[in-house]
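Each structure below is given as structure tokens.
Two complexes come next, and they have one chain in common, subunit A, joined by subunit B in the first and subunit C in the second.
Now for the complex of A and B:
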């Protein structure tokens, strides 16, 4: 047990080193990169992807996946947007949003456990269904003019300095980290991903824990939706398309194995920060758009490869 | 290794060359404006037979295409009021990535022998096979912007390059021809994104030597991406005076960043969506270039009728567009573009 823990710390240390190297390179190219405001921006811009990625990590840890996160986000955005513009108290609206996200995630979980549909296929289906629901709710139109109090509550700045989305991200990371490492649920999530049959045979209610894991994915998407809604002040039913891939990338960079059973919240969190740091760096240094695609993809491949090499080295 | 590199560079060269060959560009084609079309060809021919027109838009999730649909519907009503027997069936793909789905809608219309097709393809290529079979069957096809169908005999749409020119001219005037500006580009693959950007850059280069375009990056038509871009630019370019965005959605995101920074920077978009009009009224966004999809649809139907009635109109007909700012945001579109219903 001790050995595994040590290994984990080591692995995430690797991402930190990569992040540090990136910061040095971009700062050398443009010193503004290291400025306080820019660092804050990097973390703030990682919040939406980070929240979704931490959620999706739970699905991946159970050897599953959730492709519907972007569409879940869209439903939460338009429903909460509708409630807010009709004058509902922002705090109640926020709770409704989180609840909707949780229920949509649970529905995915039920499709996967009760109907025995493979996670990729089940959530490919709900990705389309949920997106459709978001369109139906607004007739395709965006929900405009979010009230100021909601926007300040979710995306304002504490002491006029640190944006609240950063606290939401870190808060969610801490809670999920505790869930994953210090509760039975967390232990089951790892062991389901490691060997589902063995876990079932040892008397664990695999279905229930899986459904909960997908519920948590939905909560992550819902929190991201609230941040997005507050930052933009407008809820578009088209929002979140392709976000599932960014989230999977963050989890993979963070050392989460797509085969399940291996990964951590901290790793995913750092993965999201790394992607954001890269994106901001490419913009700050004025890299041509077309090359940005190449750079981003290459970094993902290199990061995951280094992680693999590193774990091989450790085994020896 | 050397061989691989050589092969790679040859590939890059070939793709590079192929990518730059653009056989048909409606912006630089020998076209006419819809005003000229009416002057030169007079009345719209009255077609006695029953007509069923198939109009296929990109995707109704986008306000632009929904407005286009209402334009088609308005024109259908006008024509039927004139005593013609016209049905316009307006369809769209399931999202802007559903290239195959859009093609099957078109194939279905061809199989059902629609009288003519008005097509707004998702990409330059996805409807080409459909247009081939329509051409074989003698069904007239009008390409309504902005994907470019190489083999469609007619094209109706705004000059995308003029979007950028109008924006450049307006910004240059507001800045007295001096200062740093930036461009937020849409999806790089889109014809409209390329042309709007080129139009803006070329106009500035030729007419405003004092304007310095310091940044040009893409945000894929996405509001959040545009906002994040602007956030960074506001720090890296403290003297930035104006930002031109390839569409309004991105401009609204940029405006949000500008508001948060408490800066006074000109923000100009393209499309003229309702939210942009509201933003201009509120004194936030500064201008948008409206290409009036509601009227564009009607011009497209008019052009289709002229083709079917045997008039030999040029391949390209440019539809009206205008810059909207605080001075004309409350004027009616008819006034701004001097719109009149066609005569029969």
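Now for the complex of A and C:
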């Protein structure tokens, strides 16, 4: 792993360098960018995408994908919203939300492992099914008026300074990092993505570990849902549309190979922050919204290209 | 240069960062001869071919064809110059027709559109020359591996090749397909085409080659006239030391009568039917047969990679239902598969992780993985298998073929299985590593483990086995005892499958 580790540090170091370069450029254009509040804002902005992206990294590492994360988020939002407005204890509601996310992910995993449907197609299907369920639950209407105590619990600020979602993001990143690097499950996730057949022929229960990985994707989406619900105070069944693409982008920028077997939680975490730093920077410097799309897309392509260049260098 | 010589390598040196793959290699190849290229894995054969075929550009020294110094910018230029390669792993597009594959990128055209009539006509002409019984319009995916190889040769002829190199062409061929290939090679030779032939199978060199050039560690050793040399002499020059390439047992055979695995009427349609045999403790049970005998399917089913239709698998007296490799592992059965790259090891994992893959569940901690324990565990087995380099953190994919195979073996050594199934344990492995693998097999049975060894190399299966199961087209045709072993007998049961002529064999 020594050689690989060097490479990994290098890779994540590269994102950091890009991040710093970006901070310097945006600060030069508008000094407000470097202000404490703005930086807190950048990290907070990245929380939702970061949570989903870290989750989706597990699916991608197994050489799969999960397109249904946005719809999973919508179901969790409306269900937890309904429970909260009917007076359920916020702590219990949060656990129910996480459980729902996990189960929706597990369902994806079962479609992929038991019915042998390709991950892209299986989750393309559930993306639509889950979205439909979210609409059915509320009849298409948003769930309004989230109780204050829930909003404070999830989206408040510690000492009135640091937003709680930042802690949720970092906490989830630490737990998933440990899962990936210090448990058998993590080793199997890498080896399934690297060579599923060889892993299966080593007597590893590939199906179980894949299902768990997709369950974890669901948990990431559920956590993002809770943050979004607390921040907005309303639960819309339309929430989370297109979030899967931002999440995949963060993972790709972070060095996760869409072919599976390669990537890290730290990389995805930094990828999400970089995307958010870019978006905030473009807003702060007054760049037109249309150009923001172009900039975001270009960054993805450049990052993945540099990744390729780096791995070629590493080979030699 | 005389008219005879077609290719001349002149002080060719190729350096990769950290490795001198070729070191001042000079020799020549005559027109219309079959010239074998020999050497262990890593001796520089592939590098030399890659230079000749324009895959590598940056090298020192000169390559002359006829009298011209050549420098191809890419493989296409080499092909157009009449130098074609038939790849080790046949590279064809299965969904296209034979004709489309042969003419790929050089399709005959009628204005802007492809002229299919002309394409098939030209392709069929070449196929006839090669005595192929398939046609240009057949889809490649419906053909056998041997037939696909013929397409590669046809492709070379389509490009009017003067030099064709074949890299391990018989690795996946049945013996009748090999015979056909040899006939074709002789005809090509008669037509003045020069053949460069790379193979680990020395028997073939003596059947087909005129000259044999040996490379070792990137250096030219010697060009032999095949007529005037012997296997032992070739091997000696390949490895630089006296070893017998022949598998043979050094320790006395002492298996017990205790049956560890009993297979009764095992059936998996449409692959194989009614397979029954017993494996005894401390025994190496060879599995011989031609390609298509479905030996791999049988052993995969016993291990649980495939699921049986019918029949019994009895392990240590217990009738068990093995549905997955995990069941196989739990019943003490391990499989070292035929294709280590696609089935044996995981390319993005290091040695410690690859070795640990099957045994992590045995570690103490139930949730967290102790990396130290994993690495220490792998070191034990890295020592046992004499891995080079002995580094648990080295990526397995960067090892040589033989060492990769040893890692896959170590993965199973690290579990507590007592029945090892080897599917072609020395396929694509160089002579030195072969010897080490044979020794590991012997050590295993000496410890009371039992082995099933599928092998297509007759000297190997004869040299290593205590008994040999012979299969033909999904049926078990004979179980031979040690005293009855002979190549002729095995081939008889593998090809004819009957007992009738037994006395005459």
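We take it that the second predicted complex is superposed on the first by the 316 of 316 C-alpha atoms of A that agree within 3 Å, B and C clash if a C-alpha of one lies under 4 Å from a C-alpha of the other, contacts with A are read in each partner's own complex, and residues count from 1 in each chain.
In this text, a residue touches a chain if its C-beta (ideal position, glycine included) is under 8 Å from a C-beta of that chain, and two chains touch if they have at least 3 such contacts.
Bear in mind the structure is a predicted one, so any value in this text is a computation, not a measurement.
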item	value
Combined model on subunit A where subunit B meets subunit C, clash or fit	fit
Touching partner for A:190 - first (subunit B), second (subunit C), both, neither	second
Touched partner set for A:38, first subunit B, second subunit C, both or neither	first
Which superposed partner A:116 touches (first subunit B, second subunit C, both, neither)	neither
Subunit B versus subunit C as contact partner of A:182, first or second or both or neither	second
Partner chain(s) touched by A:233 [first = subunit B, second = subunit C, both, neither]	first
Contacts of A:200 with subunit B and subunit C, given as first, second, both or neither	second
Minimum C-alpha separation between subunit B and subunit C after superposing on chain A, in Å	25
Set intersection of subunit A contacts, subunit C complex versus subunit B complex	none
In the complex, subunit C residues that touch subunit A	17, 303, 305, 324-326, 328-330, 335, 337, 342-350, 352-353, 356-358, 360-361, 363, 367-369, 371, 393-395, 411, 415
Touching residues on subunit A, where the partner in the complex is subunit B	30, 32, 35, 37-38, 41, 45, 48, 135, 140-142, 144, 228, 231-234, 236-239, 279-280, 283-284, 286, 289-290
Subunit A residues touching subunit C - in the complex, by the definition given at the top	1-4, 178, 182-184, 186-187, 190-191, 193-195, 197-205, 261-262, 316
Subunit A-touching residues of subunit B, taken from the complex the two chains share	60-63, 66, 185, 188, 215-218, 223-224, 227-229, 231-233, 235-236, 249, 252-253, 256, 275, 278
